[in-house]
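You will see chain A twice below: alongside chain B first, and alongside chain C after that.
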Partner chain A sequence: MIERAGHLPGLAAAEVAWLQLDFAAWGESVQVSMPVLTEEQARALAAHIRENARAYLKTLPVAQIVTTIDKAIARLLDRDDPWRRKAEAILPIVTGYDRETVRLGLSGYLRTFRAPQLQRFLAEDFVNPGILDVFQPAMKGGFSRAHGPELLLHIWAGNVPGLSLWSLISGLLVKAGTVGKVASGEPLLAGWFSQILAEIDPKLGECLAIVWWKGGDTESDEVWLNEADTIVAYGGNEALAAIRERVPVTTRFLPHGHKIGFGLVSRAALDTRKAGPLTRLVAHDVMRYEQQGCYSPQMLFVERGGKVSPREFAELVSGELARFARTHPRRALSVAEAAGVAAWRAAEEMRAFDGGGRAVLGDAGDPWSVVCVEASEALAPSGLNRTLKIVAVDSLDAVVPLVAPFRAFLQSAAVAAAPEELFRVAALLGEAGVTRICAFGRMTAPEAGWHNDGRFNLLDLVTITEIEQAAELAAEGFAAYVD
Partner chain B sequence: MKFRDRTILVTGASRGIGAAIAKAFAAEGGLVFVNYRSSTAAAQAVVEACQAAGGQAVAIAADVTVPGEVEAMVARVAEEAGRLDVVVNNAFAPYVFDPDNRARFWETPWASYQAQIDGAVKATYTVCQAALPLMRQRGRGAIVNMATDLVARPSIAYHDYTTAKAALIGFSRNLATELGPLGIRVNCVAPGLVWPTDASGKTREAVKDQLIAQTPLGRIATPEDVTGPVLFLASDWSGFVTGQTLHVDGGLVMA
Partner chain C sequence: MRAWRKAWLDVTEAQIIAALLGFIDRGEASEAAFEEMALAVFAYQFAHNQPYRRFAIQRGRTPLTVRRWRDIPAVPITAFKDLTLSCTPPEEAQAVFMTSGTTQGGIRGKSHHPTLAVWDRSMLVNFRNRFMQQRERIAMGILFPDEAALPNSSLAHYLALAKRECGTSDSAGFIGPDGLDIPRLIAALERAEASGEPYALLGASFSFVHLLDALAAAGRRFALPEGSRILDTGGFKGQSREMGADAFYDALSVALGVPRAACINMYGMTELSTQFYDDGNAIYPPVKSGPHWIRSRVVDPVTGHDLPEGATGVLLHHDLAHFNCVSAILTEDAGIIVEGGFKLLGRVDGADSKGCSLAVAAFLKAARG
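And then the complex of A and B:
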């Protein structure tokens, strides 16, 4: 099977050099051809996108953009649609996630981009989304209008299927000419989505491009970083710092670094009836996408004093992960990933020998790993790929000092607690830097219109042009009808 | 070699069905702890038979109704093997199956019931309590409890014995429910009359003939007949089976 990545309006495939990446999983393989543009082609593509966005995308009412995106998403949600069938067939091979994870993950995720959800998304950031179309009266007087960048560059990372759509769609909603650089781990869905958009509205298809260049290819980096007006970049802090160094000072740079998700379980959730179903949700969050997402849990803080102890809770989570190992087998790990998991587990086992109430559950050969710790321990990354540390705490308040030193890495926290405690703890976590409090079972599925990393994802992209009240009044003086 | 690198504890394994089960696990490569109460020589003979069969075996004395002795036994298993994959609760209180001279209900004191309940349920309870931490740590394990087909079909009313085994089946189902989420399975094997064993020595030919006449497979079970189903329920071949009672009586009981 050969699949071509990217979306390159204005460039014929034959003019472009292609580099082949090989993927294999679940007994199948696929070859993905990645476009390798020359500097000249990259500049021409940037100009093409910029011009078409200016001439067409900027003239579309935002409601029409919503309608077009909705149609494209509907096709990806329709399991009989050829694009969807292709996604279900190829993404498991490319990403290594099992078919059911891809299928369920795609449907759950894409659902957050249908028209009503997109409207909610717009309303989250703009009191009046009409501000993206025409000048709207401002509260303070005068008029305002929001403009997206002419050329918005996305640099995506990771291998969670479709994660790229999040920022891609954000850019389209603010009418930005869009160039997305796909990650080698999942290079396809963004291109497919762009091609679907082009099928629905060919002129819109001319306003966005999906490209790729090799990591470390500083020449390509240089071209694109200089072409873009605004850059949204995902990845580790080192990679982001390397990009930031080369971004022109006048370019808006919006980095989304790695995060460590975690969870808190109050004793209110730890009776013998509620604990079981809760552990299933926890295991689900750990299993889904093998903790590759920024929102995935890597550590759990479980309160003592419930009927079900933290240790018992850990055993139940381990049991649920054992079941998921059957129903959603872990993807084959790379040598480095497998070594990472083994090193994490071995280090925990070494520490367990020293006592201190540390238990490493399961067998070393299990495709998951749960460690339970009785002494309080600060937030730290797990070995990923279904590895989880469960730390016993005397109260949920005790969690705050354990996570607060890592503000830059905080984003999602799942909380299982009664309402009063939820709000009290949420306030403390928010102060510490957590930007998303969610339910267990939903950690990997942020709701429509969420504020990624606590930012206004649309508002951050736009600039506001204001007609001051005085200008408006002065204009009256120049009108033909003035008395 | 289905049980290579696996550790199995069989209670009451110095003779009869327990000895046959121990040997069968050994023949599949397992490390078998041969529990016995007092028959040291017999247990040692079973150990030797296990080794001859290709496995490893250790004789280990403990009265399974005495918590302290059971804890010491499991501690030794942990020390010597570091793991426990299978527990077969086979030991039971001394009982003589004598159809000709059995105690009828009005001749059966509560003490007889109590003795059987201690032998069947308390012993299993005690062993499970001691063994569970080892199994829970690894999130896996299989427990097989020996019951009887008399619970489903009391061909002869051995009130105290059968009532205790009925309680053991109920006990096992509850335990299966509790331990399933932790990855540990609990099942029962319910043989019919097994001959020859010490306990069934007094059962007369006439009774056996009567049972045989009603048994589709047309004979009485031997101790070796029981081992296959026990090994099946202890292995991952039955990985999705828990809370079940498997009758091993040639089809006398069909449930």
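And then the complex of A and C:
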């Protein structure tokens, strides 16, 4: 199977050089041709996107953009649509995630981009989304209008299917001419989505491009980082720092670094009736995307004093992970990933010898690992790929000092607690830097309109042009009808 | 058989040392002979090394259940940082070798040696065979600090032993308190070049980079006499600029006139008592191998199962000479089993995540600042 990545309006496929990447998983393989643009082609493409966005995308009412995106998403949600069938067939091979994970993950994720959700998304950031179309009266007097960047560059990372759509759609909603650089780990969905948009509205298809260049290709970096007005980048801090170093000082740079997700379980949730279903949700969050997402849990803090002890809770989670191992087998790990898992588990085993209070559950060869610790322990990454540490705590308040030192890495926390406690703990976690409190079972599926990393994802992209009240009043003096 | 093996539980340190020295001296060992010795050493370590015993029990592998040397539980190399893995009281050790602590936040892994008799025999028999190649002695230049400067360095001890037992009286070390003594080293190279007698340079890979840079700066090149050779080890560890292997050996061969085939890389670690060598680096990566008292496997790090020949996995070394600590060590090195040994493919220090979740390696880096 050969699949072509990218979306390059204005460039014929024959003019472009292609580099082949090979993927194999689940007994199948696929070859993906990645576009390799010359500096000249990249500059021409940037100009093409910029011009078309100026001439067309920026003239569209935001409601029409919402309608077009909605149509494209509907096609990807329709399991009989050829695009959807292609995604379900190829993404498991490219990313290594099992078919069910890809299928369920795609549907759950894409649902958050239908028209009502997109409207909610707009409303989250703009009191009056009409501000993206025409000048709107401002509360303080005068008028305001929001403009998206002329050329917005997305630099995506990772292999979680469709993660790219999040920022891609954000950019389109603010009418940005858009260029997205796909990650080698999942190079396809952004390009497919762009081609669907182009099928629905060919002129819109001219306003966005999906490109790729090899990591370390500083020439391509240079071209694109200089062409863009605004850059949204995902990746580890080292990669982000390397990008930031080369971004012109006048360019807006919006980095999204890697994060550690975690969870808190109050004793209110630890009775024998509630604990079982809860551990299934916990295991689900751990299993989904093999903890590769920033929102995935890597550590759990479980309160003592419930009918189910933290240790029993850990045993239950371990049992649920064993069940998921059969229904959703873990993706094949690279040597480095396997070594990471083994090293994490082995280190925990070693520390378990230093005295009681630490249990490593299951066998070393199991495709998951749960460690239960009685002493309080600060937040730290697990070995990923279905490895989880469960730390017993005397109260949920005790968790705050264990996570607070890692503010830069905080984002999602799942909380299982009664309403009053939920709000009290949420306030403390928010102060510590957590930006998203969610339910177990929903950790890997943020709701429509969420504020990724606590930021205003649309507002951060725009600039506001204001007509001050004085200008408006002064204009009256120059009107033809002035007395 | 069981009764016999049980007898090893009561074996004294002196007996196991005598058995190992004999084993090293026998010149070769069949699979069965290696297995027998390995099971004996495991029984000894299980009886006397408490943390290892607990580890083995946790893995469900005890001298009563293990029948094959491949089933002897391997300790991950990081364990040497967390645990004292010694069959004898650590304070009674004749030598304690420590890792440099460059890889994990300054925590140093330790290996205790109640005697260096086995370590030294292992090193010398193997070194003579693989590096000296029929020569009794050779003039040596050592590019590494001496034992007085680095008392806990297994490499300093290794090089001291090489110089004392296999070096001529002209041999010398060239690293002092101020680093590489370039003028003295250049003088030694000039003498060696003029003498017509083979010369050997041995040391840390990064010291060779410093030497290459110094020679380039001085515009000097040497053509060392035929039979001269180079032994580098340990990689660059941030102590010098990084060089690709091909560039490194090409540069050595140009600057010193030693062909790449005579540039031997030693692969050793503090957590072992035996070293591996290749037969020159004419082609990279070369095949590495060790003597009959160490065997290497390539395993899936999660299951610990052997991978088929040709598959990339993590190297696991089983070194009988490392009798006082643990003989079976799961490394953090990627490798591949090939005919005659294995190829070393670099470190696997845990992958970065494929998504946007923070992975251990990046976290440690951030924590160190």
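By definition in this document, the second predicted complex is superposed on the first by the 482 of 483 C-alpha atoms of A that agree within 3 Å, B and C clash if a C-alpha of one lies under 4 Å from a C-alpha of the other, contacts with A are read in each partner's own complex, and residues count from 1 in each chain.
The criterion applied here is as follows: a contact is a pair of C-beta atoms (placed from the backbone, for glycine too) under 8 Å apart; a residue touches a chain by one contact, two chains touch by 3 or more.
If you're wondering where the values come from, they're calculated on a predicted model, not measured in any experiment.
After overlaying the two complexes on the shared chain, residue contacts for A:Ala13 are found with neither chain B nor chain C. A count of residues in chain A touched by chain B and by chain C gives the higher number to C.
In the superposition on chain A, A:Asn159 makes contact with chain C only, not with chain B.
Once the two complexes are laid over each other on the shared chain, residue contacts for A:Ala474 go to neither chain B nor chain C. In the superposition on chain A, A:Ala347 makes contact with chain C only, not with chain B. In the superposition on chain A, A:Ala322 makes contact with chain B only, while chain C stays out of contact range. In the superposed model, A:Cys294 lies in contact with chain C only, and not with chain B. By the touch criterion defined above, A:Ala359 lies against chain B but remains apart from chain C after alignment on the C-alpha atoms of chain A.
By the touch criterion stated above, chain B contacts chain A in their complex at residues 136-140, 181-183.
Contact residues of chain A toward chain B in the complex are 276, 279, 315-316, 318-320, 322, 359, 361-363, 366. Listing the residues of chain C that touch chain A in their complex gives 51, 54-55, 58-59, 76, 78-79, 82-83, 300-305, 312-314, 330, 332, 334, 348-363, 365-366. Of all residues in chain A, those touching chain C in their complex are 95, 157-160, 163, 185, 234-238, 256-261, 289-294, 296, 298, 333-344, 346-347, 349-354, 360, 364-365, 367, 380-384, 408-409.
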